[in-house]
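Letters A, B, C, D, E and F mark the chains as written, and numbering starts fresh at 1 in each.
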């Protein structure tokens, strides 16, 4: 039962992230949502590791570590893009960044 | 808090002062910053304005002398000297030799203590926790003690009179002063060891607030700030007032014109001042100290006007006096070096960081009593 | 030796020398020059000045040198002196001040009153503990507080006081001499007059006779 | 060449014959005679003084405004750093003291005149035309009068603060009542 | 009374109960909810930081100490700070609001929000359904061993089994660092 | 067990200064058990656990707060003497009661909150600042066996929890709605992010050589003496010395001490993020900064200065925990000494120093440590390691400083 509870918590967290990503037009809020979803993913990795048959293999832990590293890289690049977009458009509204539409 | 200006940069307007730790008094700068870079700077004056010039028009000619002490309160004696010199020009008063030598001695000691204090102040502006300031004030204190022994007050000397000085040197004063000046180079060496090699200090001062010689002349800079930009102009040499033509000394000048040159120039000037003092101690004659033709009460210079100036520690200190032949000045105008050296503050500061503004301001070496008068 | 960071290293050495040096500086000569004020008091140089005071000789009422000429009141740059001349019961002006106030909240200790005083009456004191809880009355020094004896003057400014005394003495001698001369002259004149009168008298009877 | 007001005057006359400029005598022992230049020609003359290779008066040390009974004056003390000579005193005069109190600003020629002309504007009310930033320097912006004018009357209750000194001043200023 | 006291004392207080992890989980969800809902961006970021901290604590509570600390170090120390920095560097200007093309449609914003919320809710429902009701999830889960992850084992695992991913991550992080620096670099004003 | 037995143990404990704190703790636990026996109940283990935890918490907090109090007066004394002043000498003997006076002053001062401030955040910030600072000391080994929590990921724990203070400084600066505060907060964050890297890198080097992240393990790895007298501390190796200096400077920057006190640089930003704080909240910030400073210097002692190890074999009779605090006091003194000497960096120079000098140097030290590790700990390893750090040092020093700024590259002309 504990696994399900943790997974449910993770699902709720994921949906909060999704909500932020879908409803907010501010690019930084979108990034926050993505970070929350990644956190939910990490929680899943840890939960599956904890309740796996072979916790000593550390697979979930490894996944979580790499995922955190990726999230850090993503945040750095994403925020750099946001700042650059703001510099050009004077706005961080994702609806305004339509220049790539063609 | 933040606002977008026309150029599209995100800027921040900060009012540095009048209550700010490193504006050397009640000085205010309206700074517009892009991040930490200064894009616009507007000095605001007048927080210490006493209308000294108006006050002087209501007092006797001598009555303004103690007020000049309060202009640049770091070096009151040179202010006295500037005023006395201007009035002497206006009224055509001769000064006895001994008085001229005493003036040179106290004037150069004032220069030394001003520049020493400057070394401490600029370190304070750079954020050192007061060690250099305390060493500087320790030595300055000893000079002020000598001043107290001579003039009766540490700072508010009121020492010069038209046609001479107020009182003669007390017995033993000259020996004490000479003995003290002997020890000064050692202190200066220690100070240089403490400061000039320090990598942080070098990187804070070098290449900051660079001013070309041409702009410096056009902007009316004077004193060490002008000479740091590479202009060979020292009023002691050019005008040759007092007994300076009889004394041998060199005028240092910089080559780059940044804050470090201004800093080093003060050190070099102290060393030259020590040379001057040693010659003056050796040459000072006996004789009267005051021109007996000048009255203390009811002094009335003839009708006309005069501009007298001296090389003050901070730059050219000039007095423009207009007399209508009465007991009071008709017009009394001061050319304060601190104020006019600030003319180019914005030019020096734009493009530097906010921390550099403080260092540049410190390197100009202003005193608000003189800026606002 | 100029490795990167050597300047900082040298600076550290200097501050360490000052740090430990200050503990071996009991003589208060080179490094530690702070005076521990309430316990230690500064020895003021003779020239030291703070606020003016009035000198009297002998008796504070009779020996007051000030004659209420109001020159210092006029010359004082911040105008902090107030003088009222005394009058006798008949309303005749006397040559002494009834009120002599100096507002030391305004006085800047410039010594111009001292220089302008033709009667060697006002002189500079060297007191420095004049703070008070009251901004108004206690900072206006009345005549009673300003009056200090010539001996006190001698104790704070010996050289200057001696010169002053010498000047006064010279002036007194000169005056006495002048008075004597005048008296002699008067006496001579009187004598001459008397002689003349006597002569006249003696001659009159002769003439009468 | 040695710069005296006369030589400068001759040079200016030679180069700018139309400029209205005259020599004003200074009776004081200082002997600093001055050149009075008409305000309409001042900027041109100033440019000439600064740039002429014989004069090179590149350093405007002091600028002061003077209030005379019927006009205001701006006095410039010029020096030549290149030749180490000076001062050459340059004066300009306003038409009258209130309505026509404008003078040309020499700040475009000598940047050092910037603050001092502002000060003269602030304290004496001389309007310098062509000044890049003519605001009050020492008094605050809301202040209306010009305190260095001879006819300025300080308001009695101005920033009134009771001091014992005030009482004394009052007694001094009214000596008749004591007597 | 005394017996009750004895009974309370006899409870296994020194063993952390299984459900204790629910506390950080609750804090984390509250933080996340606040981060999503609040209007003030800085408050959002601060709540997000709180959520990250709680998530790290949750990891530790689940036995993954190392991951928990890494989470704290990376997210609180770096990512949250970057987000705060980015918020301060990109103030919402007036220009942006007035030129918003979506502003012409009064309802479009509300509509978009409602749509997003619906999607999120649907995802949540389906996820919860999958977790609790799918036959796969009902498969027997082995009871939790006292799973711990010793640092040494993690280190050895990183350098033995996952060396290639580790190096790839290193390259990725370097690339991200340089890329971010280049992206955020201000262009020279011509 | 009875009370007399407990009392009898006190002199015994005092005879063994080495384990004095540990034995004292045991005594307290026994005392609790004895108290339970008085009431007539067997004290259950959880009570003992609780008491155990409480004793440790109280001890650590008490020790660090006392150190903070002493430091605040000692710092002013040293600073004053370095500046040829007397320093505080009016309150109590040698001014020792100055912290008490300061405390009373701080507590009785009005707590001012700006009208526009974000009041909740403004209130929370000092608390957020203090909590990590008080958590950090738990993992330092103060003496043999004297560590509150012996975490296997101790070093990681330190940096993870320490990241909280950045958030607090940001909260303080942002919530004050003051331009100086927000500039100070931005500077603080930029500075901390930049210096976190060399800080962690130099700690990683030690972890690499010691093969553990546990502080106790690292201290144990530095035990023993070369040639019978030369301590095996990491600071006495070329790479260790470099890493130690890097760690020291990063620690200065992390704890906002001069010359890296830009966030509160009083000559530019008045007081940075602390501008709008007064009274007790300011005192909390002050306390947190000092405790954090002690903690990070304690980590430095642990990582490089051999923790509780005695410097010379014949000095081992002094208890190990004394050595820890002696080393900590020396570091605290050196901090004040540095503060008395140096002017402050400028923000861009500080960033350049971090990224262009400190970070490459920490990589160089990492390589050097690896070389030392594999070339053997003899003369060869020593030499290779020294060369590997010396070359980058001179090269970076030249390219970062000397090339741009030197007093020798200036000429001054003199005219007679």
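Assume contacts are C-beta pairs under 8 Å (C-beta built on N, C-alpha and C of every residue); 3 or more make two chains touch, one makes a residue touch a chain.
As the structure is a prediction and not an experimental result, all values here were calculated from the model.
Participant: Find the two chains joined by the most C-beta pairs in contact, please.
Facilitator: A-E
Participant: Hey, which chain is the most central one here, using CA centres?
Facilitator: Going by the distance between chain centres and the overall C-alpha centre, it is B.
Participant: Chain B to chain F: how many Å between their CA centres?
Facilitator: Here chain B and chain F have centroids separated by 45 Å.
Participant: Centroid from C-alpha atoms only, then distance chain B to chain C, rounded to Å. What do you get?
Facilitator: Inter-chain centre distance comes to 33 Å.
Participant: Between chain D and chain F, what distance separates the C-alpha centroids? Give it in angstrom.
Facilitator: 62
Participant: Quick check: how many Å separate the C-alpha centres of chain A and chain E?
Facilitator: Between these chains, centre-to-centre, one finds 7 Å.
Participant: Out of chain C, which residues touch more than one other chain, so two or more?
Facilitator: If we look for residues of chain C contacting two or more partner chains, we find 4-5, 7-8, 11, 14-15, 18, 31, 33.
Participant: Going by the contact rule already set, what residues in chain D reach two or more other chains?
Facilitator: Where chain D is concerned, no single residue meets two or more other chains.
Participant: Going by the touch rule set out above, which residues of chain E reach two or more other chains?
Facilitator: Within chain E, the residues that touch at least two other chains are 66, 70, 78, 85, 89, 93, 95.
Participant: List the residues on chain F that touch chain B in their complex, please.
Facilitator: 79, 82-85, 177, 179-180, 182-183, 258-259, 261-262, 265-268, 270, 339-349, 401, 404-407, 410-416
Participant: Any idea which chain F residues touch chain E in the complex?
Facilitator: 41, 44-47, 49, 121, 151-153, 156-157, 159-164, 166-167, 170-171, 174, 182, 186, 189-190, 192-193, 196, 213
Participant: Along chain B, where are the residues that touch chain D in the complex?
Facilitator: Going through chain B, the ones touching chain D are 45-46, 49, 51, 53-54, 57, 89-92, 215, 217-222, 231, 233, 237-238, 301-309, 316, 318, 320, 322-323, 330-331, 333, 335, 339-340, 342-344, 372-373.
Participant: Please give the residue numbers of chain C that touch chain F in the complex, ascending.
Facilitator: Within the complex, chain C touches chain F at residues 2-5, 7-8, 11-12, 14-16, 18-19, 22-23, 31-34, 36.
Participant: If you look only at chain A, which of its residues touch chain E in the complex?
Facilitator: Its residues touching chain E are 2-9, 11-26, 28-29, 31-33, 35-36, 39, 42-43, 46-47, 49-53, 55-56, 58, 61-62, 64-66, 68-77, 79-84, 86-87, 89-93, 95-96.
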